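Chain IDs A, B, C, D and E follow the sequence of writing; residue 1 opens each chain.
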Amino acid sequence: MDWLFFGEISLAGLAMGGLYALIALGFVIIYKATRVINFAIGEIMMFAAYLFLAFAGGMEMSPWIALPLAVIGGSILGGVIEKTMIRPMLGESPISVVMVTIGIASILVGLVEFIWTADPQLLPNFLPREPVFIGELYLAPKIAYGFLIGSALLIIYLLYFRFSRGGVALRATASDQAAAYSMGINVRRVFNMAWVFGSLAASLAGVLVAATGGLSPQFGIIGLSVLVVVIVGGLDSILGALVAGVFIGWLETVAGAYLGGEYRMPATFLVLAVILVIRPYGLFGTHEIERV
Amino acid sequence: MRIGDAKQSYEADEAIWTSQTQKLWLGFFLLILLVFPFVVDSYLLYLGCLVGIAVISTTGLNILTGFTGLISLGQAGFMGVGAYTVAWLSINTALPFPVTLVLAGLMAAAVGILVGLPSLRVKGLYLAIATLAASVFLHFIFAEWESVTGGMGGLSLEPAHLFGLTFQSDFSMYFIIVPLAVLMVLAARNVFRTRIGRAFIAIRDRDISAEILGINLLRYKLMSFALSSFYAGVAGGLFAYFYRVVTPESFPLSMSIFYLAAVIVGGMGNLLGGILGAAFMTLVPEALKLLTAALTPFYPNAPVFMSPMLEIIFGALIVGFLIFEPHGLAEIWHRIRRFFRLWPFKN
Amino acid sequence: QDKEPIVFGGSIPLSGVFAFAGIHIHAGLTDYTNWINSQGGINGHPVKYVMEDTAYEVDRSVAAFKKISGSSSPATYYGDSTGFMKAIASELNSQGNTLMSGASFATVLTDNETYPYQFIPGPNYSQMFGIILEYIASQGEGGDMPNVAFVYSDTEFGKDPIENGKARAAELGIEVVEEIVTKPGSVDVSAEVLKLRRVRPDYVVFHGYVLSPINEFMVQMRQMGLDTQFMGTFWSSDKLIIDKMGADADGYMGVMPYNYYDSEESGPMLDALRAQAEKSDPEAGYRPTGYMQGWFNAMVWTEVVKRTLDAGKELTGDNMAEALASIEDWDTGGIIGIPVTVRDMSFPVGRIWRVNADEGRYEPVSDWIHLD
Amino acid sequence: MEALLEIDNIEVVYNKSVQVLRGLSLRVPKGAIVALLGSNGAGKSTTLKSVSGLLTLEDGEVTAGEVRFKGQDVKGTPPEKLVRNGLFHVMEGRRVFEDLTVEENLIAATYALSGSKPSLSDSYELVYNYFPRLKERRKQLAGYLSGGEQQMLALGRALIAQPDLIMLDEPSLGLAPLLVEEIFTIVARINREQGTAILLVEQNAAVSLAIASYGYIMENGKIVIDGPADKLTANEDVQEFYLGVGGKEGEARSYRDIKHYKRRKRWLS
Amino acid sequence: MSILEISNLSLSFGGVKALQDVSFRVPENTVTTIIGPNGAGKTSLFNCISGFYKPQQGTIRYQGQPLPGSIKPPKRAALGLARTFQNIALFRGMTVLDNIKLGAHVHMKSGLLSALAYFGPARREEMEVRKEVEERIIDFLEIDHIRRQPVASLSYGLQKRVELARALAMQPKVLMLDEPVAGMNREEKEDMARFILDIREEWGVTVLMVEHDMGMVMDISDHIAVLNFGQVITEGLPADVQNNPEVIKAYLGNSDIDSLRKKLNAEGEAA
């Protein structure tokens, strides 16, 4: 066994996993408040990445200005989507709302093709290009720096939900909307904020991932592989998103490296299947209370 | 307007078509289905076949998701199992198509039972993702088990045959697909007249109390999975005979989403809704293409310009539908019917 | 012109994963149609081009074919994917009145038994690998043969030439030191790059990608200080790579059966193409390889139809296939630099081109290679 | 006395089709306890929901009439604003947040406090003071509390909000007799000590008329009789149909000898 | 003879001891009531009998036979243990009639294939059940006017009645009712009491009930068991239980409106 190789592969996987965790966070925050899995999250990521492209490429802004602008753009998009298309669905079954998010995904793809054409794109380079060595281990600079930026946001979110009553409002709303209303919680605002902050995390991840992997209207598919992460971690657990994100990123990369690229998805979905059987609500998800 | 329809017996009361008017309409509808292939062009015929296949698969998914409350994103995978079974059988055996179709259904049902196993513990959207996992595995198997599935290249098969007849043209396929679709919808309707259908609905509404009332959850959830994937398998088998080539990419995730959308847009837990949904989802993109065609003479670049537009419109239609009529097409249909039943006496 | 129009049909991916090429293919077909009509059509028959968007999904392609062949019986037809070409074969064979080619260069389509009415408007993917490998072999000095790694996408066409490619490499004495399969599109490939770093191949051949992840492989491997040469097959050799990667693309090589739009070559047909492109969209400037491919397809169809009509035969699949097979030492007017001959329903010809990033274009580095 | 809440002739329709309230009026004076009684499906909960604005969540709509809280029309005011304005609705069926702990349930209720956050630990102490049992269980998930404890928690949340009016929907539902007594005693204490007015919807007519000063009885979406609590208690129909007194000389009737036919209420017909 | 015999039953959830060493008997053809404070474990006891919870210790004997954990809820239902739920658990997507028919599920046999075909055995069986449900249950509970309505549109009291009907369709030998009259007014409680008495008398079904309405419990019960903190504190005739000081302290309070009123007034004046 080539330990150095294994180490390098693992490192690359862990770094990618950090970005997965960030995307997963986008899922989790929205789910926590609204009990909706947002299937359009990959497309929101994509949209933010295209915004970045437009700002940094088209308008030739400095990438460090374009990045926050794109992320804010993505968050606004999330807020607008919630306000116009999700809010009218209040009280409908979760699966109908999920279907709405799938419809939204289609709209966003069309929009992107319409504005930026279907051509595949590369983002302007804005991360340092010197190889990063951790001890002996080589790590591609893009993912290393992407990981750092992503982790910063991740930590901010974690702290917020640990130390503010915002987290309680989120969970209360998810648990019983009518009761939350009667408690003086502004449910519409909670929903909106959940979408805004969920989209914010996703947008940042979108730009970072597109910076390493390129961009096209099909970019949104990545949202799907991150679904595995949130299910393994538990749909409503921020900690779960973190742990499972890093783990799945690592697993996927190692499986890809040792077994071949076609094994990436099956490997992670195998873990998913096992987790679902032994822990139906993921590693850290809340159990539904079932009493008669 | 329809007046007074008191029933003399419980049998008459539980019949599906309880009034003369309804029977008349039904007869009329069947007649249209019969005449249809003789009067339309090949493209409409083709669409007719597609809708038929979609109706079968959607009805299956409706049983599982709409009536039993188990959300599945694996329908395309189950159809794939059916399609590969038919392809393999028709290449390696001389079985006639009715047999291969039944075997395709049974094979898919077997896989469905396997996939359904976690459903005892896993619920709601978690289950949806579990079925998504299953379809990823199925895709993997389709792509990698080359000796049976032909790998990425897939399998090509001969037309369906029976008693020396071969069913090659869309015209002849129509006469397999559409009667089968009618039959299978009716069978599904029957299930919901009996204790089994009631058990499914009970599980959807409240599974734990259903259990205490004497419904064996595992058994009925698996039965629902089996029945649903049987339908998918048959639809997949028809798909195979229809296109006569089966590849792993014939059954992408987007297809599962397509069927789920058909069920939801049509109206969950409503068989008629499923049929309307299947037709809607198949035909709307076609209608949108007609729009493009109508624009092309005036604006030659219309196809390029319109194709992203179509995606936007398609998505917007789904979203708009669910926002304005969350209970789906079936609800709209009922509203129209109520209107005509009282007609001409409004309100 | 009262003569009955000749219909070119097409299942064209104007949306979906292949839309970036589909849009240009569509433009190429449209422009050629307009051009040939301005030349008086084919033997006085006007040409009509009828298409549908498919989103690169097989069932929608099939639907489009049925719709178009139901309404306007096309003589020739553009198919957008390998999957479609296979799916439609039996339908096509039983109808027997349409000749088909398209975006796919899949090796299987050269099997005349199964696909008698389908041809490839260039070398098939295996032949492309053959051309690339021959070029690589020619770079070896004496016993010191370069080694190579294959990187391809996990798709139907991605896997198409790999077995044949390995066999050909073995024949030529080239060692295939690594094989990497990835998903197409936006994926992180750092782990794969690390793998290549271990084996240090002299050449990496990409197949089944458009842009990503080719750029990531090249940039990361160069960051590691490797001096690997990177090469790609037809759909991986568009100018897009230069446009998007800029200086990073320098030295990348591709195999291409047609002249690039901006190559220095010329010829009557190539000039006509440029003039027509200029006319239909003066703003567009450069036209990508998809455009060239669309144009060339239509050109071959015209030739085939013309030969069939000239022979006084009906436009049936068999007659057109026969006419196609009769093409020998055909002068393409500069689209392809040498006269071409059809072998097994394909045009086994190509040339290696290399990116000159300063100039922003591909430059030929080999002669035209015509396989036999 | 000055009215805190006035309901004037409201009509309510669900799903644009089912009319539930048909011209209902009632008023709650400042600092008073008012009981609203009525049989199942009469529309009691609907009345409360049309005050607190939760009706829209269930696709219901006030189609006529007016509801005034502190003299202002509540129409168009979103529910959370009303809560911050001092109107707290404890919904039917307790509706605690099951997968939040007891304490988190209380934290959630702090959203009802507008603007400056008063010292929260004080309000928690107040709640724990009224309901010592909740203090013991404050780290436990509310979903696993027993029915009575959940009802206490629901009341506790109302206390945190420091409202001027609490609308209580069937607080005694499913509670043991001792607890019913306890809860009602506490309700009376809250009313007295905090000056909070209470609109009490109850099936347990005896107890609610005991603590209320005024009562309304509704059937089929409108008030059929109302009056001071002691007058109502003395009413013959109320006794027969709500208090189970009747038969021989005002004695409690036994459930064992129920006739298979029934006397008609005088207020219907 | 006792139809149900609970001995030494213990059940706990993590630290919470829901039931501790509970033993008592349900005499056949009686109305037996379990009372006790909230959280005493009454519903949990029902859940153990239904097989939804698995007690860690103890045995339940039904008609003299033990019911081990291996006998799952559906089997127990088939054996004649039917129940209603504390929080109404009707199937909201179905009509009243279908809800009731569902109760007969365990006594029906037709399988998937005959259901798909319908005409034949499945239909015959469905018709038999329909007849039984219509003529015995729906008539008896006087709900014929609502049988086609979806249950979601019914008032609370009627929903409770439909739940009772569904339990009756299970052809029970023991009918367990979890708070059958909670949330009802006097009038509706009287109706329900009449049904319960008739079910015992005319149908010969043993009724095991949990209820907090003391007026009704004391009037219609033949036998009462009192549970507190998961333990049986006493058992016996209504009159005995009512006067047991332990029961009064833990559960009943003084349960007298007049004294409550006095207490409130006194407190009021003191303040």
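Methods note: contacts are C-beta pairs under 8 Å (C-beta built on N, C-alpha and C of every residue); 3 or more make two chains touch, one makes a residue touch a chain.
Molecules present, by chain and UniProt name: A, B = Branched-chain amino acid ABC transporter permease; D, E = ABC transporter ATP-binding protein.
None of these values were measured; they are calculated from a predicted model.
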item: Pair joined by the larger number of C-beta contacts - A-B, B-C; value: A-B
item: Reference subunit D; chain at largest CA-centroid distance; value: C
item: Centroid-based (C-alpha) most distant chain relative to subunit A; value: E
item: Computed distance of Cα centres, subunit D from subunit C, in Å; value: 76
item: Euclidean distance of C-alpha centroids - subunit B vs subunit C, Å; value: 38
item: Where subunit B and subunit E are represented by their mean Cα positions, the distance between them in whole Å; value: 42
item: Junction residues of subunit D, two or more chains touched; value: 144
item: Residues of subunit B touching at least two other chains; value: 143, 208-209, 212, 307-308, 310-311
item: Per-residue overlap in subunit E, given as positions that touch at least 2 other chains; value: 52, 85-87, 89
item: Interfacial residue positions of subunit B with respect to subunit A in the complex; value: 65, 71, 118, 121-126, 128-130, 132-134, 136-137, 140, 143-144, 208-209, 212, 253, 257, 260-261, 264-265, 268, 307-319, 322-323, 326
item: Complex contacts: residues of subunit A adjacent to subunit D; value: 90-91, 165, 168-169, 171-172, 175-188, 286, 288-289, 291
item: Touching residues (chain side subunit A, partner subunit B) in the complex; value: 37, 85, 88-89, 92-100, 102-114, 118, 224, 227-228, 231, 235, 262, 265-266, 269-270, 272-273, 276-277, 280-282, 288, 290, 292
item: In the complex with subunit A, residue positions of subunit C that touch it; value: 15-17, 19-20, 22-23, 154, 180-183, 185-195, 197-198, 210-213, 215-216, 219-220, 223-224, 240, 244-245
item: Of all residues in subunit B, those that touch subunit E in their complex; value: 10-11, 14, 187-188, 190-191, 193-199, 201-202, 204-206, 208-216, 223, 227, 269
